[in-house]
Amino acid sequence: MGLRRRRRLTPYLLLVPGLAWLVVFYLLPSLNQLYVSLQEGNFETGYTFQWAWSTYSDAISTYDEQFLRSLRYAATATVLAFVISFPLAYFVAFKAGRFRNLLLLLIIVPFFTSYLMRTVAWQTILSDNAFVADRLRDVGLLDEDGRLLATTTAVIAGITYNFLPFMALPLYVALEKIDRRLIEAATDLYASRWQAFRRVTLPLALPGIFAGTLLTFIPAVGDFVNAQILGTSRQYMIGNVIQSKFLVVTDYPAAAALSFLLMAALLLCVFVYARVLGARNLQEAAL
Amino acid sequence: MKRPVRDWLLGLWSVAALVYLFIPIVVVAAFSFNDPAGRFNLEWAGFTLEHWQRPFAVEGLGTAFRNSLLIAAISTALAVLLGTFMALALVRYRFVGRGPTDFFVFLPLATPEVVLGAALLGLFITMGVATGFVTVVIAHTMFNVAYVVVTIKARLQGMDTHLEEAAADLGANEWTAFRKVTLPLIAPGLAAAALLSFALSVDDFVITNFTAGQTSTFPLFIYGAARQGVPPQVNVLATILLLAVLGLMALNVLAQRRRARADGAAVEPARIAVQPGLAQ
Amino acid sequence: MPGESFESALERLLTERRHDRRRFVGRAGSAALGASALGAFLSACGGAEGQGGGDSETAAREAAGDHPKEQFDEVVFSNWPLYIDKKVLKEFRAEQGARVKYIEDINDNQEFFGKVRQPLERGDGIGRDLVALTDWMAGRWIRLNYVEPLDKKNIPNERNLRDNLRNVSFDRGRRFSLPWQSGMTAIGYDSKQTGGEVTSIEQFFDPKYKGKVTMLSDAREAASMVMLMQGVRPDEAKIDDVLKAIEFVDEQNRKGQIRKFTGNDYTGDLTRGNIAMAQAYSGDVIQLTADNPNLRFSIPEQGAILWSDNMMIPQKPRTAYGAEVFMNYVYDPQVAARIAAYVNYVTPVKGTQDILAERDPKLAEDPLIFPSSQDVSRLSGYPNLSVEEEQQMNEAFEQVVGA
């Protein structure tokens, strides 16, 4: 075998083990969802394959509320996360000076504390008679008998909190890459600071914004821990339904149908994004 | 020079955002010192160091924690091995199917965890595979591979290929060139990817909950205990984990600095420290 | 009905049995209606037991377990959290030279079932020698043949089982199960927030407490409490009564009266004062008073639910004998008294009250641990439903809780 031939085979040899893993444990399960979702039966007798498309119409008509709610909560949380983290990322990238590394570290630290523990901690913080709720009542932002915990606000705040670094870090990377001379050039050419920001900084930060929104939005749509710990059944999202159908009620076909729908919807989003941006850009932006 | 007002506002906003990020972590750490009055660690009742002295006093917690560390170690090792090769292929070679593969590898990151977990459990049920330790390792390796590929790819893309070419010109074969040139250069990326995988695996709840069967892990233990008020020992372990990861990150940065100093090259510790988070 | 004669109560019990496969507390409760004191209550049920012996059909169909004496060094027991005094496990080890691997991983009957269902279906063991499941779920396991019959020769202390629990509908003659603890589901409340005693379920739905009450996320529990309020005995309820009750829960939930549907996690909201009342389990609330002394448990005038969690040996255990030795151990009244003193639930073991009376008179007089005859007469079991009806109920309730 000549060297040239070997070189041509090399990339495939390198790819095969990892790719096989992903095909068997990502692609195959995804397709299998479709198979499971078309089964019929009940929890005592078991399920058999039936081409039961009705599972899908049932799933949509029964849980459209949770579907829409998930999209709404995730979108709100994504916007909030952007509003909170853009100034933060901007500050770290351009103004933090020698504190830059420290600040970056501080943004990452929450990643390394148990996600569940942090959410449970919010439960303590937002309690009806705890400090935060009391102060809000003092200043009249919360009714006398109003509450923070077990509300939509708590759930969205929790989601925003949990996925904030997913937004802040891509933003930071995109901003940090910007050549400052470009901004200087703009101001030299008599652009106001705002104009320079809008015409130069923002467009150059776009890849980061796209990556950040996607990386926040996707996990947020599928989240169920926040709704469960900080919310009530009135805040349950599609993740709660899938989780409960699969693990508690053990209605596998319904669970698989919902999960397949969710995946299809999100992949569609990603595809559209990828078309607009190009998949490579997306990944580069994420880094 | 006087700093403009908007810089101060920006700084203030950033501090507020960081406080928001840190409040729950402070609460988690604080409750590790709580001395509950009854059997529930729900209200602050008093200060004690007892739980720090005996963090595994709760039955089942030790096993769960050990399982988590083992699963994280195995899945990290597998993912780094598989992922590094994939990243090399995707960055260093032009071949048919490269674009679609690139996109495919990215997909697990664009799928919500609940879907990944449900899909895997569905597969295991269909195939009659018993869920447990092994299935959790399989699941964690799956999502970790995706993260590793993305992290290492970034490292490779930013790298000068001249050195590798030089090595090849000097007669080194591919393997030697990889071992002597590429590997040392991407080592910090590998470390970052490994750290990221490990942290993701140790903290994963959703996918684990679907694939663990009766195997207990640290997050699953927390989830079960949360309904009764998480025992303070769990807060202790969560805090220890955080400190350990911070320590490892600091080590990675220091190693970088030292090497950079030896090379006389410019350092960019921020990037290295941040890399784990960025890939997400 | 308290005026009903003993004979008519017994007669009613016998006629009930024919169309009822899975209940036991229900019958215990009905029998209690005919009795005026716990003593009479027990003897009445003792009478029922005699009749149960005639249930030869079931007895003949399946053989009893036969687990000869063997060496074992570990018994794996899955139970609910905070459900044992861990010292009991240490003492068992000292006495028997075998360790109990005690796993607190049952937080919800359904969820646990979902977790171990696959191996059970395949006919495999689940790595546990003992599990403790609530009546209806215990009934499901027995029906599906997921459990080992007990070898009573290894459990001589079984004679200490309270008579009223001896012959339950889901397990005639207790061939597969032994109660771990019994308890009541009713209202736990924060007396500081309610400003007084809670005596009626109506108070739970008082708009004054809008957003300040939680209900259990188990369809059975939620529906049963509402049915009690609506004057329907849950263990005599038809599926329509259940569905009607669920509709009421839905209404209240939409109005925002119900803050949340919870599992065991109502404990957090109750302790922190986030809620005024919770549909709660008796023992939990007694335990919680250590953290919040304002908490009380009320058996409302309309009644409450009485249930048991039952120890069973899942199929293919590593040591059925070991499991039985442990069951025997906890049925020693001395040990049972210890557990009762810690968990504060209703003990199924006879003779514990006398022992506790010496050790801790206050506990021995606690009506939540040793319910008074008056309270017992107000207790009912869960609704008895067929598999289809159960599914109907679950589906209706899923609509309410949205998952």
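We just call them A, B and C in the order they show up, numbering each chain from 1.
Assume contacts are C-beta pairs under 8 Å (C-beta built on N, C-alpha and C of every residue); 3 or more make two chains touch, one makes a residue touch a chain.
This is a predicted model, so every value here is computed, not measured.
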Under the touch definition above, the chains in contact with both chain A and chain C are B
More C-beta pairs touching across which pair, B-C or A-B?
A-B
Centre distance in Å when chain A and chain C are each reduced to the mean of their C-alpha atoms:
41
Report, in whole Å, the distance between the mean C-alpha point of chain B and the mean C-alpha point of chain C.
43
Centre-of-Cα separation between chain B and chain A, whole angstrom:
17
If I count partner chains per residue in chain A, which residues reach a count of at least 2?
124, 243, 246-247
Sites on chain C at which at least two other chains make contact
115, 268, 272
Multi-chain contacts in chain B: which residues touch at least two other chains?
42, 125, 226
Would you mind writing out the residues of chain C in touch with chain A in their complex?
108, 110-111, 113-115, 117, 121, 140, 144, 211, 217, 253, 256, 259-261, 268, 272-274, 387, 391, 394, 398-403
Interface residues, chain C side, partner chain B - complex:
81-82, 86, 102-105, 107, 115-116, 118-119, 122, 124, 126-127, 263-265, 267-268, 271-272, 287-292
For the chain B and chain A complex, residues of the former touching the latter
7, 10-11, 13-14, 17-18, 20-25, 27-28, 31, 42, 81-83, 85-86, 88-90, 92-93, 95, 98-99, 101-116, 118-123, 125-126, 138-139, 141-142, 145-146, 149-151, 153-154, 157, 174, 199, 203, 205-206, 209-210, 218-219, 222-223, 226, 230, 234-235, 238-239, 241-242, 245-246, 249, 269-270, 273-274, 276-280
Give the list of chain A residues in touch with chain B in this complex.
7-8, 10-12, 14-15, 17-19, 21-22, 25-30, 32-33, 35-36, 84-85, 87-88, 90-92, 95, 100-101, 103-122, 124-125, 161, 164-166, 169-170, 172-173, 214-215, 218-219, 221-225, 229, 239, 242-243, 246-247, 252, 255-256, 259, 262-263, 266-267, 270, 274, 279-280, 282-284, 286-287
Quick one: in the complex, what on chain A touches chain C?
42-44, 46, 62, 65-66, 123-124, 127-130, 145, 147, 149-150, 232-234, 236, 240-241, 243-250
